[in-house]
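Naming follows writing order (A, B and C), and every chain is counted from residue 1.
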Amino acid sequence: MKAGSMNKLTDLRRFINRDNNIVQLLIITAVIFLLMSALEPNKFLRYYNFESISFIFPELGIVAIAMMLAMLTGGIDLSVIGIANLAGILAGVFFTRLYPAAPEAGAAAELMRVAAGVVLALGVGLLAGTLNGLLIAKVRITPILATLGTGQIFTGLCMVLTGGPAIVGFPAWWGFIGNGKILGIAVPLVLFLVVVVAIAVMLTKTPFGLNLFLIGTNPRAAVFAGLRTERMVLYSYMLSGTLAALAGIVLSGRTNAAKSDYGTSYLLQAVLISVLGGTNPAGGKGTVLGVSIAVIALMLLASGFQMMRFSNHLIDFIWGGFLLLVMVINVLRNRGK
Amino acid sequence: MAEPLIELRAVTKRFPGMKALDGVDFQIFPAEIVCLAGENGSGKSTLIKIVSGVYDFDEGDLLIDGKPVADLGPRDAIAAGIQVIYQDFSLFPSLTVAENLALNRLLSEGKTFVDPKRRRQLGAEALARLDVAIDLDATVGTLSTADRQIVAIARALMSETRLLIMDEPTTALTGREVDRLFSIVREIQAKGIAVLFVSHKMREMLEISERITVFRNGRKVEEGPTGEFNEARITRAMTGHDIGHERHVWTGDDSEEPRLSVRGLSVGDTVRGVDLDLHRGEIVGLSGLLGSGRTELAMALFGMEPHSGDIRLDGTPLSLESVQDAVAAGIAYVPEDRLSEGLFMRQPIARNVIASAIGRATRGPFLDHERLNALAEQTVSDMRIATPDIEKHAGQLSGGNPQRVVIGRWLLTHPKVLILNGPTVGVDVGSKAEIHRRIRELAASTGLAVLMISDDVPELIQNCNRILLMHRGEIVDRLDTRSVEEDDIHGRLKGLR
Amino acid sequence: MTSVSKLLRRSETAVLAILIVVMIVIGVINPAFWQADNLFNLLRANVVIGIMALSVLTVMISGGIDVSFPAFAVAAMYLTVIAMNAMGYQGVVLPFIGATVIGLLCGLANAFFIHTFRMIPLIVTLGSASVVRGLLLGLVGTSIINIDRMPPSLIAFGSSTVEIGGSKLSLMIFIYLGIALLMWLFLTRTMAGRAIFAYGDDAESAKRVGFNTRRTVYLVYGLAGALAGFAGLLHASMIWLANPRDFVGYELDVIAAVVLGGASIFGGRGSVFGTILGVFMLTLIKNSLIIMRIDNTWQGVVVGCVIVIATALTAWRDRKALV
């Protein structure tokens, strides 16, 4: 018993030593929380505020995790928003044009219809991610350019499918994914937690995750060590595409609409959150925990400033400034070593 | 004696955790050829960088023409007539030969505008001075290594150069190209320019230099006219030891089926119809000039180069189309450049060690961290890797430890054939002997067949029972180490044209 | 190597050849393509994106990447127009100098972060873009300045044309070509320009040879910002309104055009002529869909495919080097 707790203690110390970044993030989050609570105690500390955050942040959080996966191998996925919108729009097309609700459909049939829509949307994400992965791993296009191009294609397809205006008329169960509650907890939050746990387990407890870290640290050495680098990079983009599609489902569920230019600001924010969360854009370093804390910190910051009647635009400014500030702190801290 | 061109007095340079130079006195006089000898990490490179103004130093004085200079920057060094040709030549691969040549002059003139005609003319003059013909409009990236080096030398000689520093200039050259380089160096000297030659090849030092200075662990340990040195003395000074004379004795039987049998292996134009047998427990050396095809041969055996020919392992034909094929068959390859091709610097040692045998540390679809750590710990102690903790990053390892990690990584895959490319380049002497002993033990005890690619002739003689010499894609000589001496191999290598 | 085969190996030659083929194909599908009005319109569409592409070209040659220029352009444009309205100033030269200086200052801020802290250009420019756009929209305003409130001097300047054979060609195209010529002279005929190539090719070697790399970084990003600022105001004067949310998504188009023009994202390679061709190719494709009787909604798909194919071809050409 005693040895066990000692072990836990050394584990914890090891963890803190290894990941100063997480500690730093936790401190930043706590400071933001306390600051906002002090400035706007009446509005910020209300249950309603946290509840509404729990509906809004998961889609961004999932996209940021997708971005982190691409960054782990030293890449980047600029097509995540295109994929998310394409998934939402294709589902919308499916629900409104291909398979509209039968007039007297029972609940079971409706549920089946939504399930089919989910599979379709996730499938599109998987396919889109596969295209990215093939272009990057096999054709060897630089990730930034490959996903720049495919992002244009995906967003372009959204335009072709919608002609511009938003697609509306999603089934009620679809809306549940974005607006519903399970046991009093927002469904998007539940989905986010599932993603967090699944990806965290994948990265830390499976050979695939270990492969990604090694490839991201030194792709040449990975080849010489006999790792299947091409395949692993392909898988990572497939996964990133699927997660992006999931974010698209949540987004279209929450807003009950899908449009080709939804969430465009999410792209920069996803990169920002991923980097703030301790992901090294050059590859080989990143944790789901870090990204999760970063997205929550930034959401608290944003909601606090909104309460102080700062416009959304100033929040963009604060996020950008925050990114530069944290990067500078990291650089200075590393120099100190 | 005349006044020294450059003089260092008690110069010390510190890096975090180490003294790269420790109270070094050093002088170069006009128009002399000095050789700087020492192993990697002995302080040679640091000294070059201080003299050329790239590094500041922490203590001591730097004098040029007898006058103390504070804060020497790269431009000041160039203005003082000091030019360095680094191992990578510091050329710009996307720019043309003419521009690469002219840049220095144009920069030192402080011009704002560039006149393409004058640029071309400057380039032409520079090449004419060395009496060589290279296309001025070719981009440097398309040139051969030897031509690139000539461009680098021509560039260095364009300004009023008084001291030319050459860092390991012969590494990538063939015998004839080395001769051409040396005649150019003597011409340079005849023009009154001093040359500082940095090398670890003893024969070349003895051939070209007038004075030799030996460094070890950041200190100057010996200095004197070249005539007073021979190879043994330089080695002793560089390493602090005499090289041992124990050799690998192979007790196997030629008539047994070979572990690895290669027939008619070809890789494009670089390897042409090579036949090769490795028996159990054998350590076979492979040497030859850079570009002889020896690395391509190894890469083909490791599944990284498309090839034709028949490869058998313990009698079973192999199709080696990918690294995974080779690993699955039991062929392991330790690359020459450990830092860029071997190690995952920013990852823990444990992950570095397990990289090629992740499958041994899984339970179901998941990693078994306990087993992973146990395998890593075991490898660390087997290979005697000096680290307090397997969670330390591999980038923090030094000396021969990175190499031990890479070799240890492969041992976890239970290889049958181990290919070592430059196994101890840049490894200090103590570590080197330890690594050699470990490899010999492995060969003797596990029946591992080792192919050791190296330029280091004493290393080959000491560890291999046979040595193969490769030239222009073919194996031109097969030597038994029981009946051959170092000089003989050097002679043969030099004879390759 | 003969000069002919050298010419054939240049990426500009390939882009030019493809461009000619594309133009012939479009012309066959719809001969109206060759009408002067259409061609002049096409040229006009090159101006703003072209100047921005020259700014990105400089950054890419230095081995960096810049996604902040649309934000800088919009800030320079909007602030200048607001200042003109506030002061009731009617002129052209001073406002353009003002916009250029605003862009320059923003660019120097990028350089500060990139050089001082050795931060990755992509991350720095993402951050600075967010900061600049956020400040502009949050503090300065979000309302579009329409034609009725745009300074007439700017509108007059932006709509100045020359008549050739009954069709009107925007004079702005000459400003673009003038800037391109200056950039070409700068990049190929000045030491500072060559320093950018050297720095992008091998920063360490550039330092060893004696280039002032700090000055180079500041020059690159300062120049990029200045060009973006200038292009921003030019854009407003050509479309007769100043929209503080303008240029969203331009970074993708412009980077695509520069890459199409043969510049390497790894630095050291790229030319003004190639970039002009790349920009022309991009605007040609974007603006000719209607003329080819393809629905305009396909624009994104077509542009995306062009980027993917062009980069795939480049990757295929350089595949040896990337093992």
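In this section, contacts are C-beta pairs under 8 Å (C-beta built on N, C-alpha and C of every residue); 3 or more make two chains touch, one makes a residue touch a chain.
Not measured: the values here are computed from a predicted model.
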Message: From the centre of chain A, which other chain's Cα mean sits the farthest off?
response: B
Field: Highest-count interface - the chain pair sharing the most C-beta contacts
entry: A-C
- prompt: Once you find the CA centre of chain A and the CA centre of chain C, what distance in Å lies between them?
  reply: 31
- request: Measure off the straight-line distance from the CA centroid of chain A to the CA centroid of chain B, and report it in whole Å.
  value: 45
Task: Sort out for me which residues of chain B touch chain A in the complex.
output: 304, 323-324, 326-327, 333, 335, 340-347, 351, 354-356, 358-359, 362, 365-367, 369, 391, 409, 413
Message: So in the complex, the part of chain A that touches chain B is made up of which residues?
response: 14, 18, 204-207, 209-211, 213-214, 217-218, 220-228, 284-285
Parts of chain C lying in touch with chain A, wherever the complex brings them together: 65, 113, 117-120, 122-124, 126-139, 142, 248-249, 252, 255-256, 259, 265, 295, 297-308, 311-312, 315-316, 319, 322
Message: Quick check on the complex: what are the chain B residues that touch chain C?
response: 52, 54, 74-75, 78, 84, 86, 88, 90-95, 99, 103-104, 106-108, 111-116, 135, 137-138
Field: Touch list for chain A against partner chain C, complex
entry: 76, 78, 135, 139-142, 144-146, 148-160, 163-164, 264, 268, 271-272, 275, 281-282, 310-321, 323-324, 327-328, 331-332
